[in-house]
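These notes concern the structure reproduced below.
The chains carry the letters A, B, C, D, E and F, assigned in the order they are written, with residues numbered from 1 in each.
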């Protein structure tokens, strides 16, 4: 139960930050609808954000393990 | 009789609290939109909000919501496929 | 009572964000006092911030109503 | 006697907590000023804080407070007129 | 017997809560790194995360931690000397 | 006890903000280690951040006193 709540909180946090970053990167002057290139940019930005999240998370975990090994 | 009144009062109070919480959430969301859209749409604040800026602000809110929906939808698909 | 507290919290939040935005926009290098043009800029910025807040709020509300109607 | 001592202790404790809360608020405010004024006044950190930067920082705090007062004052006026 | 079981359950629950809190802290830290490193390393998101960007992101996390350690260490020294 | 906790909270907040600001100012593209010039920049940035913190804090306190005297 605790686990599920935290996981949901994390997904919400991830979605919010991702939306904010990708909106800023992909939308110049907001028009009357998301055009094709904006939609592609958002999908791509989202995939890269999650890739980057995984890379950052992995780098952090291996650093933590190295620090613990050195203690 | 008194009991019933009390219950009605409690229910009424709960309804009011829920309505205020809802309003607070909407307000927080407007603050949020302002963070993004004030920067995107207002360059130098002039003597009035011209119609171009007004349109930009309204579009900004709507495109931001579109982006949220599109990202949330895609995210749900990825989760369901168990992928990434 | 609940209502008033939330309204006060909202006004405070609005004042803080507005002050931050308008200070950044209107004051270049801070001098020994707010000069005339800075003061005018702040008053104008504040009015435009509140106009923008109303526009954003209206756009959000009508979008919410459209979404609800589509459900 | 014991009761009175207890009361004095409680009052003393409350006073201390209030003083610390006040100090925490002031500290939070300084963090806040730093967010704005570090960017406005410090470009490349040098080997010491030169007097121009020092003046800029002190002015930044004072102008920020002026801006807060001016905006709050104007806001209160608008609210009272029931306007906008 | 029942008492013992209860204790084991409580201990187990506490362990789980602590583990989840730890995980939440790590996750919050990753969100934090992303705020800095996404800006530093990702310019235009392309069709895949190229190896240069990947290296930049991993380096960014490690240099940020180095910076944190270095600043914390120096800060502790300053505090101990009672200085500044 | 209350005092110590708030002081610790403040030091942590200070360290976090200082790290964030100095990392952004001193590290361009993050490399495989902090090089010499980056390390010097971080140390200097940290000292200046604390100087600036003290200057800002002093300016704020004297303003508060002036405001109180005027009331």
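Here is the rule we go by: a contact is a pair of C-beta atoms (placed from the backbone, for glycine too) under 8 Å apart; a residue touches a chain by one contact, two chains touch by 3 or more.
Please read these numbers as outputs of a predicted model, since none were measured by experiment.
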item: Where subunit C and subunit F overlap in contact partners, by chain label; value: D
item: Touching both subunit D and subunit E (chains); value: F
item: Selected interface, C-D versus D-F, where C-beta contact pairs are more numerous; value: D-F
item: Whole-Å gap between the CA centroids of subunit A and subunit D; value: 34
item: Centroid spacing, where centroids are CA-atom means, of subunit B and subunit D in whole angstrom; value: 30
item: Chain centre separation in whole Å, for subunit C relative to subunit B (CA means); value: 16
item: Residues within subunit F bordering two or more other chains; value: 22
item: Subunit E, residues touching no fewer than two other chains; value: 37, 41, 60, 62
item: Round-the-ring chain order [start: subunit D; next: subunit F]; value: D, F, E, A, B, C
item: For the subunit B and subunit C complex, residues of the former touching the latter; value: 16-17, 20, 23-24, 26-27, 29-31, 33-35, 37-38, 41-42, 44-49, 53-54, 57-58, 60-62, 65
item: Interface residues, subunit B side, partner subunit A - complex; value: 36-37, 40-41, 56, 59-60, 62-64, 66-68, 70-72, 74-75, 78, 84
item: Touching residues on subunit A, where the partner in the complex is subunit E; value: 2-3, 6, 9-10, 13-14, 17, 21-22, 25, 41, 44-45, 47-49, 51-53, 55-61, 63-64
item: Subunit B-touching residues of subunit A, taken from the complex the two chains share; value: 11, 15, 18-20, 22-24, 26-27, 29-34, 38-39, 42-43, 46, 50, 54
